[in-house]
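Below are two complexes that have subunit A in common, paired first with subunit B and then with subunit C.
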Partner chain A sequence: MRKLIYTATIAVSAFVLIQSCSKSNPGNNNGNGGNTGGGFDRKGMLTNMSTNVIIPAYTAYQTATTNLDAAVTAFTTAPDAAKLTAVQTAFKTAYLQWQSTSEFEFGPAGDANLSAGVDTYPTNVTQINSNISANTYNPDLLANLSAKGLPAMDYLLFGIGADNNAILTQYTTDATAGNRKTLLGKLSAELKANAAKILTAWNGTYKNTFLNATGTDVGSSAGQMVNELVFDYELLKNDEIGIPAGVQSMGTVFPEKVQAYYSKISLQLLLAHLQGVQDVYTGKDGLGFDDYVASTTAKYTDGTPLNDAIIKQFATAKAKLQTLTDPLSDNIKTNPTAVTAAYTELQKLTVMLKTDMPSALGILITFGDNDGD
Partner chain B sequence: MKKTFTALSMLSAVLIFASSCKDDKKNNPTPNYTVPTTYNFTNANFADATTRLGMVTEMQNVMKAALTGPVDGQLLKNMFANANSPFTGAAATYNTSGLQLKDQTPVLFQTDVSNFIDSLVKVSKSGTAASRGVAGVGASAASPNSKYALTATGVNYAQVFNKAIMGGLITYQIVNNYMTAGISSSVDNTNAVAGKGTAMEHNWDMAFGYWGVPIDFPTNKTGAKLWGSYSTQVDSGYKANKILMDAFLKGRAAISNKDNATRDAQATIILQAFEKLTGAAALQEVKEVKESISDNIARNSRLSECYGFVYSLKYNPKRKISDAEIDKILGMFPKNFYDLTLDQLNAIRDEIAGQYGFESVKDVL
Partner chain C sequence: MFISVKEKFTAQKHIAPLAVLRMAFGSIMLVSVVRFLLKGWVYAFYIKPKLHFTFYGFDWVKPLGVLGMYAMFALLILTSVLVTIGLFYRVAITGFFLCFTYVELIDKTTYLNHYYFISVMAFLMIWVPANRYYSADVWRKPGLQVTTVPGWCINIFKLQLILVYFFAGVSKLNYDWLIAAMPLRIWLPANNQLPVIGSLLTQVWVAHAFSWFGAIFDLFIGFLLLDTRTRKPAYFLVVLFHLFTAWFFKIGMFPYIMIFVTIVFFSEQTHLRVITYLKKVIPIKSEQELGRAYVLPPVKSGLIYSLLIIHFTIQLLLPFRYLLYPGKLYWTEEGYRFSWRVMLMEKGGTAFFHVKDPTTGHKTEIVNSQYLTRFQETQMSTQPDMILQFAHMLAKDYQQKGIDNPIVTAESYVTLNGSGTRLYIDSTVNLATQEETFGHKKWILPFHDKAQ
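Take a look at the complex of A and B:
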């Protein structure tokens, strides 16, 4: 009997101590919280995300950039019209694949700042030409971020002549053709190398790191995924359509600021990007944020379940975008009403993804909390 | 047998928890007085600190003139020392306040401020657009309405000043004065002056005032400035708002109730938090650099903010970080900010994060 009381006393005091400890530890952010919060299988979601969404995306992107670099090498070795067309095709394939690869800017991609190196636009034509004429290109300088990646190649493959014949002469008879070929080769090789590096990291140790950070706090995999997904979605909404259409400049349009301005595939890319974001949200056929949100009682402002509202809004935004046509840079000028209507639907989705979803899942949005200096 | 086993395992559990809680118990004895939830104490008065923060704002406003034309360097130096009635408009009352910034700062800082001002004045007279090798005013590529005055090597001295004064004035006063000498046994904590409290209460209030937050912070964040703004900006990774607010409230209540042990414990928390907050703010700027990574002008300005925070650690006489470590981090910045690489930036981030135990939150602060 005495033993029993002793045990009970210890149990009670242990409980009290546990309580006081948890209260005195508000700054614990190690990203390793439990994986059963709300009964939803977060680890299962992370497993599905890495196996069926993220790693396949990096694998496809690595293949696409490898093919692009091979096409560039073939072209620069012996430039002709057919090989130029082949490079242009490989370029478009890589760009389209990038749109469903840009959503994961954490872990290996975050450390390498992959997105900024792959897709900073509008590209800096002055800087590109200065790199060509000086025949120097330092890939490490952040100052070259706006003169590299897919947008720089967009310019070099589509923007340096009125048509393909004129473009071809820039790689054959032009005075700086040699330097231009050198730079083009360096840019595609850099894309390929960075893609391989990220894929290798995911196929290596990072996958386990990702799977084991099962909490929802800052630094957890779910926390990072939601933050980067929303950040990437805002780039879609703002950079790919909003800013060119003048929503941040009181209607003054900047058609030349669209993504892929020279190859004129901006709208295709926009649609591919929206699909990419939706695939991350749904986890494709497996456990995704859709299931996670549905496991909560969260409702949209109109009273419908939040997940239903989000899925519906993806469809609405997509339908509005499908009323537009490439080149988007022309559509912005000739069909501004439809462009604005599409932007408005994308904006509604922003609120759902950036405010409603994180709030339902208890995830903190940590980007953008700066003073704007 | 089974019961014994249970008792033993429970006992070990108790031991584990007890040891992890030891510090808490020591630092948080149960007070027998009430700690309020807002800084609404009898006789609390930090008007002098507020005035000095106002002077900082006035200097910052004059520095903004660098974006449109030459900056009056002598005026800035006069404002720093409150000499020759430098303040105008609503701030003209500062001229006769009898207060100044300069005499509240360490000598190193006074020399540095003079140099920062001279550098900024030089840039402001350039008249050309900023670019690599050319001092002048540059616009952000992403938002062209945001302009920055950069030296030929990309340094924004207005921002270096902004961050340096947070260390050289605010942190310096709090850690070197109010949280140490200001609460020592020789300071009067018996005779309360109406509207000011005891000398010790007043010292504590001044420290709170320098933090730059409203009395019902962080529920209300209106008007939070300088450290008050940054403690919120880093809150996602370092809960400085709560740590500081709790400590300021507890410590002030302790002083009024002659609870010296609690007072000293809170002073230590505050003193250490201001150094850690500086590290967190530097990491927050690394994050901002990354958010404008392809934007040469904005990126350089934000890197200047980061540099300013790291440099400002030098003004903290109670710092845990060594001089060699500060110099090591400063040496990791490129001589020309236009030459920054991602590897350099990540190395700066990792060094600061390692120094202050922010490894797990280094990208979210």
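Take a look at the complex of A and C:
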């Protein structure tokens, strides 16, 4: 027995000597992610997130969809040019607000699959028109997923005529004007109802559920926020710019696949979305992931503090996007170099949000067990 | 020394520890398998994914479809129960081993050392008569009962456990773990919401203390369990240590499995007491103990001996195979698996794949989620063999889409133990033409390049 222990001790010592020679943690002797004091106040971050970011976002979105629905009702009751413009304005407000609301697809929104119902695009014009001619609309039908929500309304409010006069006739003198008005009303009512449902849940019991899941595993609030933020950000990068620009189709561009193709506010939406993502990262003025990352000693590869690098990358990506102009669908064709440059910066931000940040915080991004000791 | 080893191998010992091990292993497996099912992982890991990352040489292992996979898990439940109660034991444990290993071989995304450990334990249990005492088989056929078995039947499990702990300890003897206290320095503060000790976990010295304690524990615990004088406190430490890790980290069943199977180190008296207690709850009528010994015919025992020698030789060598590869092990992961390396890395990555048509020069970026589940994508991004496999899957897909000899490149950014993300794979190399081998993958970029 004693011999065994001796042998083991010798073997171990030998190994320490060998392995300690191969130092392997360059430039990181200060460690990483370590905290001093009581550590980062995750509960404080969740409190700020829910109070100052998430619930205000849902409240604003609920207000915007309510206003939109009211404007639709006014318009369909007695369609005229002024009311059409009013609906269009209300629509743009709602869409812009959605861009800073789509980041929270967990909890009530996740259960209700909110994003898919609100913002699946490109919208299916054939399906919309067949719903109009048949005068039926079943919100639960899978085929209607791409014939509802903001993208369908984008088409119905901006895409069915060359200008507002032509569009107005589709709601007045056109043979299916009545059916079209009915559908428009149903779509805006659905948006409004879903928005209200999620807000009610957050103002009800879910807020406490959210505040009390203070861990860092996949089911925790911080874990869910990171996961859904990254997922939503990848939609921004891929769907709002990458796919239309042909990044994922051997260079064949698909300008008509941009978000809000008919109202031509794609770039505005893109910038609003990036701001929305950044607000989740920073928690606006309160405790956010920026403070969390800064509370560690995590560094980016270039040696700068990780949080500084991320903030800087948000700014760089935003600046590149600002060199583009609406309609983005035209820019994709006429200014592909600038589009690619913006995409590249968004890509860099992907790595930071998807890998650097969770890894520095020890936040789990997949379910399933880890290797145990 | 040699004689005492031979002694330990062949001298007859009471069978009680083996019977208890059978029940302990069977019951904890039952819990594990049921838990796996209830979590919905059969669907998430083996039915939902369109593609799977098989192990090198095991491409023929395929998921069996919805019905097949659930049937497989039904079999696992059935065989776990049979093993626990010791009914049709040999068939049951062999079936369990085959089914479990098959499932694990389907996709390396889910690879965990503790699944490998289960396969190894089940394999070893095939060769021992664990059903010859206090079992349904003995109740069915009283003639099967034996009182003693050759020492190896019990000691192979102790040896296996010592190897697992010892190698886990050896793998912790490096700069990252001992000096930088990585990755515990990231993982412990992530638990600062825990009551009582939460704020302690954010202290750097605590990460160091845990790292050192963990390394020392792993290195010596096997030997301490072996020695009669230190056994009780050692087992107390085992329970404490594993419960703590279960509390801190999402490591599933592993802590409980270890707490259960390390019981095998206890003396036959202890195990007899366990069985006496169990008999009060579930009395199994058995014949008077005749003190019969379990003796194998020479040919059979010779075969088993050879098998065990081969097994343990492999067990001893496999964890060292990484020495045959250049570069930093944690970075390249060449020779990483099947070596009891656990909890050593906080590693994450994001991988962008590009497919290029060589005739037109047109290039496309792949949306990984169109092919892989999130779990697969996460695991793939940091493991070169999986990156290569995915590149081959993409090449095949684009070949079918009508592009001849598509060029597939990977741009993967990986962070290891807080290094910050850096380029992982040479993004100019066409992975479609690279073959998987046991050799070193030259297209893995060295870890040090950018950092200094």
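To be clear about the criterion, the second predicted complex is superposed on the first by the 327 of 373 C-alpha atoms of A that agree within 3 Å, B and C clash if a C-alpha of one lies under 4 Å from a C-alpha of the other, contacts with A are read in each partner's own complex, and residues count from 1 in each chain.
One rule holds in what follows: contacts are C-beta pairs under 8 Å (C-beta built on N, C-alpha and C of every residue); 3 or more make two chains touch, one makes a residue touch a chain.
These numbers were taken from a predicted model, which means no experiment stands behind them.
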After superposition on the shared chain, which partner residues are touched by A:Asn113: those of subunit B (first), subunit C (second), both, or neither? first
Figure out whether A:Ala143 sits in contact with subunit B (first) or subunit C (second), or with both, or with neither. first
Based on the superposed arrangement, let me know which partner A:Asp163 touches: subunit B (first), subunit C (second), both, or neither? neither
Examine A:Leu364 and indicate which partner it touches, taking first as subunit B and second as subunit C; both and neither are also allowed. both
More subunit A residues touched by subunit B or by subunit C? C
Interface residues of subunit A shared between complexes with subunit B and subunit C: 3-4, 11, 20, 24, 26-27, 29, 31, 218, 248, 364, 366-373
Spell out the part of subunit C that touches subunit A in their complex, as residue ranges. 1, 41, 44-45, 110, 112-114, 166, 168-170, 173-176, 178-183, 185-187, 189-193, 198-199, 201-204, 207, 214, 218-220, 223, 226-227, 245-246, 249-255, 328, 330, 341-343, 346-350, 352, 357, 360, 362-367, 369, 374-375, 378-379, 381, 413-415, 417-422, 447-448, 450-452
Please output the residues of subunit A touching subunit B within their complex, sorted ascending. 3-4, 6-7, 10-11, 13-14, 17-18, 20-21, 24, 26-27, 29-31, 106, 110-113, 116, 120, 140-143, 145-146, 218-219, 227, 248, 364, 366-373
Going by the contact rule set out above, which residues of subunit A touch subunit C in the complex? 1, 3-5, 8, 11-12, 15-16, 19-20, 22-29, 31-40, 42-43, 214-218, 234, 238, 242, 247-252, 296, 298-302, 306, 347, 350-352, 354-356, 358-373
Using the touch definition from the top, list the residues of subunit B that touch subunit A in their complex. 3-4, 6-7, 10-11, 13-14, 17-18, 20-21, 24, 28, 132, 141, 143, 146, 159, 162, 229, 232-233, 235-239, 242-243, 284, 287-288, 290-291, 293-294, 296, 299, 301-302, 305, 338-343, 345-346, 360-361, 363-364
